[in-house]
Amino acid sequence: MPTPTEPGTSRPRAMASLPAMRQPAHRPAPAATVNAGGARLDIANLSAYYGARKAVQDVNLVVEPKQVTAMIGPSGCGKSTVLRCVNGMHQTIPGARAEGAIDLDGVNVLSDQVDPVRLRRRIGMVFQRPNPFPTMSIYDNVAAGLRLGHRGRRTPDLDAIVERALRQANLWHEVRDRLKAPGAGLSGGQQQRLCIARALAVQPEVLLMDEPCSALDPISTLAIEDLIFTLREQYTIVIVTHNMQQAARVSDVTAFLTVPAVGEPGRLVEVGPTSRLFSSPTQKATEDYITGKVG
Amino acid sequence: MTEHRSASRGESSLLRRSRWRSGDAAFQVGVSAVGWLIIAILVGTAVFLIGESWSSLRHFGPLSFLTSTRWAPSEATSTQTDPNPYGIAQFVYGSLLTSMIAMLIAVPVSVMVALYITDMAPMWLRRPLSYLVDLLAAIPSVVYGFWGIFALIPAIRPVGQFLADTLGTAPVIGPLFAGPFFGVSYFTAGVILAIMVLPIITAICREVFAVAPIQEKEAAFALGATRWEMLRMAVLPRSRAGIIGASLLGLGRAIGETIAVTMVIGNNVLAISKSILGQGATMPSVIANEFTEANQPFHLQSLFVVALWLLILALIVNTVGKVVVRRVGKDIA
Amino acid sequence: MTTDTLTPAPAPEVSAPVRHLQRRKGTNLAMTIVLSLAAALTVGVLLWVLGYVAAEGLKYLGPEFLTNTPPGNPADLGGGFLNGIIGSLEVVGIATALSVPPGIAAAVFIVEYGGRIASTVSFLTDVLVGLPTIVTGAFVYAVWVIRFGFSGIAGAIALALVMLPLVIRAAAEMLRLVPHELREASLALGVTRARTIVSVVLPTARSGIITGVMLAVARAMGETAPLLLTALGNDLFIEADPTHRMSTLSLQIFGNAITGFKAAQARAWAGALTLIAIVLLFTIAARLIGRTSRVGGR
C-alpha cells in the first residue's frame, strides 16, 4: 500500500492507480553530503529545435544532487529531448539545436565553449534499448569508455575499475566467470545493466536514463529499479519514463511534461516531490494524465 | 567555498580545448581529403585524357574524328591534316551496335530470370540460383573472350548463317544482316556482351522486384489472380523505371567492355561494315589493340581521342542510369 | 427459335468462365515454363563456360604448368605461367594495399560525416564503378607510365583505381547497416567521434567490409585491359621487381590465346582454369565471410 508522505491527500483515485509504490524509507537529506559523486543541474528556459520544428519550449527544472528526478509525460512531449540536451547528445542529430541554459557547476553546458566529449564524461547516459558493443567482450564493454577516452593511454587498475562498475551495476556475480564472453550474449536485462556499468566505469557525476526499462521484462525491470535505488546514494540521476508507476517507485522528484495541443512544442507543466505530485497535483493537465484520462 | 571549487573544476574540465588535440579534427580532415580524392580522380581522368589528345585534336580539328569512318594510321603524316586518317565513327557504330545486340538479348532474359528468382522459383532454389547467376559476373573478361572464340563461335555459326540466308536478302533491313558470316563479328561480340551484362541487370532487377509491396501481391492473389497475373498486376508496372535504370547500367558496362570484344569482333578498323554479321571494332577494342604499338604520327594521341569519347559516352550512360535507379530507390523508401 | 434461345442458355454461362479460367491458367503455365527456361538457359550458359574451360584447362594444367615460365618460342610445347601467377598476386596485392585504406576512409566520409560534398562523392563513386577499365588504363598511362615507364606498380595503380569505387560502395553499405544506437552509446561515454568510428563502428562492420574487399580483389584478378596499357606483360622470365614491366595471369592468357599455336592455346586454357579457380575461390570465401557478418543479419 502506498503511504502518502504529504498531508491532505484528497485524491485516492490517483493513488489507486499506483500499486506497490515503494517509498524510499531512510533517505539521507539531499544537502547532507556534497562530494565528487553527484552534481546539481539547473535547467533554465530550455527550448530545443529539430530543424525548424520546435520540440520543447521554456523548460525550467532544477535537478538536485543524489536524487532521482523522473520526467514523465505522453509520447512526443519532449522529455527525451530535454534529457539529450543535458549531455549534448542532441548535437548528434543533424539539425537539432538548443537554446536557454543548463548550468553545471557554474558552466552553461549549452555554450559553444563546452566540449561535448568532456561534458559526456561527467554526464553519462543509458538508452532505451540495451546497446552493448557487439564486437567487444563483457570486460571490454565496461572498459570501453576508459580505453577509448584517453588516447591510447593505459588506465592503471583497469581490472579494479571494471569490477567496481560491474558490482555497482549488480552484475558482477552473474558475469565474473565469463568476462571474456561477448556482451551481446547476455539476456536483455543483463545487457542493460552492462550498459549501466559501462556508463559508471567512466565515473560520471550525473546519470541520464532514457526509458531504460521499456524494452525489458518485468523481472529485469525490477532489477534495474533496485539498482537505481542504490545508485542514488552516489549519483545524480535523471530518468525519463512513460511508466508512471515506475516514476512513483524510483524517483524523489517528478517533472511532468506534455504537449498542450497537436503540433505545439512540449512544455513542463509541473514539478514537485514525487509523492506530492502523484497525490495532489496542482495542475489539471497533470491530474488528467496521472489518472489516465489522457495519454 | 565548495561552490567556488567545483565551479573552477567545472570550467577547466568542460571547456573546449583545441579540437586538434583530440585528433577528432585531424581525422575528419583526413577522410574528407580522401573524399575529395574521388572527385579528383574523375576530374583528373578527364583532364589527362584531354591533355594527351590535345595535339591531335588541334591538328585535325575535334569534329573531323567523328565524321570519318576510316582509321588508317599508316597514312598519317606529321603535316597533312585533311582527310583525317583517324576517323572513329566506325568505332562508335561498333560500340553502339554490339551494345544494342547485347541489350536486346540480355534485358528480356534478365527480367525473366529476376522474376523467376524473386517470385516464381521454389523457395529452396531461390538463393542458390541467385548465387549461380552472380557467378556469371565473376568470370573474367579474358576467359569469356577465349571461350567465345572456341566454343561460342562454332555454336552460333548456324544462327548467323540462318540470319544471312533469310533476313540478309530482305529488302530494307537486308544490309544489316548481309553475309557472309565468318564467326568473328559484331553479332558474336554482342552475344558475349549479353552474357556478361546479364548478371548485372538481373541483380538490380531482383532488388527492384523484391521491394514490390507484399500487400499488393496478396491483394492480387486475393482477387483470384494467377501467379503470372499477380506479377503483371502488382510487380511489373511499378518496376518499369527500375528495369530501365538497370538496363542503362548494363549498357554502360557493355560499352566499356574491352578484352572479350577485342577477341571476337574481328578488329576491322578501315571502314564501317554495316551488317551485324560483319567484322568491325569498338572504341575500347581499338585502344587495346593498338595502344602499345602506336608508332605513327598522332597515332597515340588519336587513341586518346577515342578514350576521351569513350569516357564521355560511358559517363552519360552511367550517370543517367544511376539517376534513374536512385530515383526508384527513393520512391521505394 | 424459342427452344434455341431457352434450352442451351445455362450451358455457355457456365462454360465461358470455365474456359476463361482455363485460358488464364494456361497463360500462367506457359509463362512459368518460359521464365523457368530463361533461368535454366542462364545457368546452362554458366555451366557451359565453366565446363568448357575446365575440360580444356585440365588437359594441360598440372605441376609443370604451375612451376615453369613459358618457353622462349610460343609454338613449343611445355612451360607454364608461373611468372604470370606471381605477377598477378603481386600486382593485385599492391593494388589492394593502395585501394583499401582510402576506400574505407571515403566510405567513412560518405556515411559518418554526410553533407553535400559527401553525397556528391557517393554519386561519383557510383559513376566511377561504371568507368570503362581501359579508360582507367589510359589515365594511368598518361599520369604514370609516360614519366616512369611500364611497370608492375603502374598496373597496380590502375587496378587500385578499378577496386577503389567497389571497396567504397561495399564499405559504405556496411557502415549504413551499423545501428545508430552503437554510435550514440560510444559518444555518450565521452568518446570522440573519430575514436567511435575507428573502435566501435568499423569493427562492427568488419566482416562485411572484408567481403566487399575480397569481391573487389576477385574482380581485379581478372582484369586485363588496363594492364595492357600499364604493366605491359613480360613473358620471358619471373620478374619480382614491381618497378619493371610485369606479366600477370590475365595478360598471359590473352597473349597466348590469340596466337595461332596449339601449344600456346593449351597453356592459355590451363591459365584460364587457374584464373577462374582463383577468382571463384575469392568469391565463395567472400560469401562465407559475409555470412558471419555482425550487421544486416537481423
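Every chain is named by a letter (A, B and C) in the order it is written, and numbering of its residues begins at 1.
The definition used in the following text is that contacts are C-beta pairs under 8 Å (C-beta built on N, C-alpha and C of every residue); 3 or more make two chains touch, one makes a residue touch a chain.
What you see is a predicted model; the values in this text were computed from it and never measured.
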item	value
Farthest chain relative to chain A (centres taken as mean CA coordinates)	B
Chain ID, smallest distance between chain and overall C-alpha centroids	C
Between chain A and chain C, centroid-to-centroid distance (C-alpha), Å	49
Averaged-CA centre spacing for the pair chain B and chain A, given as whole angstrom	55
Separation of chain B from chain C, taking each centre as the mean of its C-alpha atoms, in whole Å	14
Of all residues in chain A, the ones touching two or more other chains	117-119, 122, 151
Per-residue multi-chain contacts in chain B, two or more chains	22-24
Where chain C touches two or more other chains at once, by residue number	192, 195
In the complex, chain A residues that touch chain C	87, 89, 92, 94, 116-122, 124-125, 127, 129, 131-135, 144-145, 147-149, 151, 195, 198-199, 202
Sites on chain C touched by chain A in the complex	114, 179, 181-192, 195-196, 199-200, 203-204, 206, 294
Chain A contact footprint on chain B (complex, rising order)	2-3, 6-7, 9-11, 13-17, 22-24
Sites on chain C touched by chain B in the complex	24-25, 27-28, 31-32, 34-36, 38-39, 41-43, 45-46, 48-50, 52-53, 56, 102, 105-106, 108-110, 112-113, 117-118, 120-121, 123-136, 138-139, 141-143, 161, 164-165, 168, 192-195, 197-198, 218, 221-225, 228-229, 232, 250, 253-254, 257-258, 268-269, 272, 275-276, 279-280, 283, 287
Residues on chain B engaged by chain C in the complex (per definition of touch)	22-24, 26-28, 30-32, 34-39, 41-42, 44-45, 48-49, 51-52, 109, 112-113, 115-117, 120-121, 129, 131-133, 135-136, 138-147, 149-151, 195, 198, 202, 226-229, 231, 249, 252-253, 255-259, 263, 284, 287-288, 291-292, 303-304, 307, 310-311, 314-315, 317-319, 321-322, 326
